[in-house]
Amino acid sequence: MNNLETLYRQVIMDHYKNPRNKGLVTNSLYKTIHIKNPSCGDDITIQTKVENGLIKDIRHDGTGCSICCSSASVMSETLKGKTITDAKKISSTYINMLTNQEYDTSVELEDAIVYQGVSKFPARIKCASIAWKAFEGTLEESE
Amino acid sequence: MNPYELRKDFPILNDETLCYLDTAASSLKPRQVIERLDEYYEKYGVNVHRGVYNLSYVATEMYEEARRKVSDFIHAKFDEIIFTRGASSALNLVASSYGLNHLTSEDEIIVSELEHHSQVLPWQNVSHITKAKLVYIPLDSEGRITVENVKKVLSNKTKVVAINYISNVMGYITPIKEIISLAHEVGAVVVIDAAQAAPHKTIDVVDLDCDFLAFSGHKMCGPTGIGVLFGKKKLLDNMPPIEFGGDMNDNVNLYDASWKDVPYKFETGTPPISEAIGLGAAIDYLLSIGLDEIGKHEFKLKEYTVKKLKEIEDIIIYNESAETGIISFNIEGVHPHDAVSYFDGDNICMRAGHHCAQLIIKWLNVVATLRVSFYLYNTIEDCDRFIESVRNARDFFKSVGF
Amino acid sequence: MNPYELRKDFPILNDETLCYLDTAASSLKPRQVIERLDEYYEKYGVNVHRGVYNLSYVATEMYEEARRKVSDFIHAKFDEIIFTRGASSALNLVASSYGLNHLTSEDEIIVSELEHHSQVLPWQNVSHITKAKLVYIPLDSEGRITVENVKKVLSNKTKVVAINYISNVMGYITPIKEIISLAHEVGAVVVIDAAQAAPHKTIDVVDLDCDFLAFSGHKMCGPTGIGVLFGKKKLLDNMPPIEFGGDMNDNVNLYDASWKDVPYKFETGTPPISEAIGLGAAIDYLLSIGLDEIGKHEFKLKEYTVKKLKEIEDIIIYNESAETGIISFNIEGVHPHDAVSYFDGDNICMRAGHHCAQLIIKWLNVVATLRVSFYLYNTIEDCDRFIESVRNARDFFKSVGF
Amino acid sequence: MNNLETLYRQVIMDHYKNPRNKGLVTNSLYKTIHIKNPSCGDDITIQTKVENGLIKDIRHDGTGCSICCSSASVMSETLKGKTITDAKKISSTYINMLTNQEYDTSVELEDAIVYQGVSKFPARIKCASIAWKAFEGTLEESE
């Protein structure tokens, strides 16, 4: 048994098998960002609805490995309902955690914390961050 | 050949936990090659052709000696060998120089879904520009290019047949000798992508009678940054250069210039000197072992592995009948990128993806495949470790719910 | 900087009798670069981009880190850097992709007789194909490109200005910043051949505001087989790829395909991995010394040498006023190829010929020139040995009747 | 003083300064071969008239360094009047001598022997052989 286990804890599998907030909407209040990782075929679209500084809704769709797909679902659950400021902070903390950089451990990552194990598989960091990057893109579009 | 002895030549394998099964992407490099590169940089690392002093003469001799080695390696003539940046660059050279200048909307270019992007996309471009029609060979039920199916698409309109010698996904050997002969009957030229063949089997361009043939150094124990285009002299003589500049010209005037002879007219600028010399060293190395020995060894490892894989549940193999050392497979229900990380965790290097050959992946109707590819430094122990890891991976993924 | 200390970094200079004065053709390589190449081949010598295993990740990181180093080196953005086979290849890329797709018979391309063949011949080709007119900047009496003379040929018809930053024959620094600004006023893009500039002076593409800029690794302590094309992002975004194949595409269908973003759409196939990493090491090395220090040192050696050469009879110097470390000269009545063998006999490496710049040789109205070029590893002692050898050569040739 | 002296003995300089048989003719009995060495600009044309198995005349013209130009003159003097067989033997012996290969020392090279020194300057071997190669080319044309 090798140390891949950490990567596939229950929560990842749960979100992979039963993704939350999946499926896109046709609604101009949502900002849409589509990101691909051509080297491995991951292909994710994220939609965000912002209202009064709050993340009202996040939708996602796409194809990819379990890390990629589950993290889109986890991201949507984690950030929905947060203020933009908090969402940004959580997102950047999450990316720092993945990329083995210093990160603020006082920020509550909720379920997203399980992706900590990805940092030991550098080749998979992209898979775990692509949905979050796309989310950050939607915020930039909102500004 | 003794892979256990050969392994000692590869510094990267000092890490005994490393199980490298990704040679089809790039091979590991033996110290014999690394040393030859160092020797160039440490002893005579100057430019070629241009100097008239002794060090430059030595560098030039070594560079051209590498060309001689390459030409001998595939039984070509010295001046039929053009050094390029890689196989992709070599295949593009044929398409840009031959293709764009010889084809019209009346003509047809035959390719296949079994091609690497570097063999199909340059011809898509030629087709878009010249309006020549791109025609696909129907693959047989295994995904092979057969002589029979080539006959179905070959016609008097065919001007170019661009196919692989060995597929990088399926590991099939294409019956190119028969295809070339048929193509010549209708007056077409044949461009062979030998990127996966040159490292693993003896190539004789005279016996094959092929018109163009391309391969890369880095897949055959050589350095990165070097590839080879072989072309028949009389074809090359009539093709325009596609890059212009230093060293490829003869006389230069304000508004026109004349070119050197083949192969130099296709090699502008300072060439990949250390890379050519390193490729020469790689050829020496491979020949000292024997290409056919290497091919046999890989095939044996592949046969052994396939047999064992078939005993594991949920394993789908896409190319069981391959004649070479490549296995494409998946674990049912597990995305290949999930699987490959499991193997990586066991320090087994292999690829997951479309292998720069999306058309065959689409043909297989999968999102991607896992691929292992063997080479001279792989052993039965590598196979066993890999098989064990597949078994564990399958069990693990099933256990977590895949 | 201390050239005596730096010399120890260059294995080839272990031969203390060697006096290497041909850096303009190719520089010697320090062990810091050779070691970085070895490290790649010995520790993580696998393919990039394609694997999802750890070794491949490391190789990819190192390759892209080299791109970052190059971009920082010239103050460009990361994705404005395309790795090519060399400067010649990079300049051809601009001509083939930008030139062939943006110019018409109404347009003009400005070049000069001071260009290396790799900067003038690609534009001759564009001119032949598009019928755009090739216009030469009149050189001043010293053979320089001046702002004044550029103004004489610049017009609303000008679409491209393709010139060198430093001439490989005359060693002049072209006032490109002013020229670029004038060219932009008439809406032209400027392509800078920096093959002789990048090794010797700090380049800031933002300050220069140049559109394209090219250079080679092997002239700046880096490996062979690698060059760089910088292009402004918005220009590159709108240019078609010129080589098609693996790794530059996004989605591939039977009859069409889409491309990756810049820079990857211009880098098909397995890239020159070790070469890019080696170039990164060369940049580290040069920056640790300081580009401006290096330039000053070379200029000092050149000034010293010119002064001494002028004391010798029958020496004709063509570029006395050069701001860099290049001297082009002849011994009156002696064919440069005869002369250069004399120097070779003294183990002084230098070039005789047209230096891939026939137009300026014709402009000078000579058959060829002798050229010495200095770099960081040259010392006053090298100059003295060279001067002594010139004196002896002159006396010898005169004594036998030249 | 370095060992270039051997390369420029009197005979080389003599033929460089006063080339024999220089200048081309317009005569269809002559076979003409033109060879260039683009890397250093040597550019030599050789014309040969063969009659009854004898080299009746050799003409040459071109530009280049002293080694290149003088060797064209020396070649023409050495081979004129020889039989084809002898001329070929002398020519191949000469090339072998230049390229540091074994050569038949019993073959009389006449003045051409002075080019022996060129073998120590490998970068100049081409200069000394280009006229001879062109001569061999004219013989092939005659056959």
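Observations, loosely collected:
Labels A, B, C and D are assigned to the chains in the order they are written; within every chain, residues are numbered from 1.
The rule we apply is simple: a contact is a pair of C-beta atoms (placed from the backbone, for glycine too) under 8 Å apart; a residue touches a chain by one contact, two chains touch by 3 or more.
Bear in mind that the values here come from a model prediction, so they are computed numbers and not experimental data.
More C-beta pairs touch across one of B-D and A-B than the other; that pair is A-B. We define each chain's centre as the mean of its Cα atoms; on that basis chain A and chain D are separated by 77 Å. Separating the centre of chain B from that of chain C, both taken as means of CA atoms, is a distance of 31 Å.
Work out the mean CA point of chain B and of chain D, and you get 45 Å between them.
Centre-to-centre spacing of chain A and chain B amounts to 38 Å, using the average Cα coordinate of each chain.
In chain C, 50-54, 56, 249, 337, 341, 344, 352-353 are the positions where the chain touches two or more neighbouring chains simultaneously.
For chain D, residues that reach two or more other chains under the stated contact definition are 39-40, 121, 123-124. Inter-chain contacts occur between A-B, A-C, B-C, B-D, C-D.
Of all the residues in chain B, the ones that touch chain A in their complex are 335-338, 341-342, 344-346, 352-354, 367-368, 392, 396-397, 400-402. Every residue of chain A that touches chain B in the complex is listed here, in rising order: 1-5, 7-8, 10, 13, 17, 39-42, 63-68, 121, 123-124, 127.
Residues of chain A touching chain C in their complex: 36, 38-40, 121-124.
If you check the complex, the residues on chain C that touch chain B are 11-12, 18, 20, 22, 25-26, 28-29, 33-34, 37-38, 41-47, 50-56, 84-89, 91-92, 95-96, 113, 116-122, 124-125, 127-128, 134, 136, 216, 218, 223-227, 242-247, 249, 251-252, 254-257, 268-275, 337, 340-341, 343-344, 348-353, 355-356, 358-359. Listed in rising order, the residues of chain C touching chain A in the complex are 49-54, 56-58, 61, 249-250, 260.
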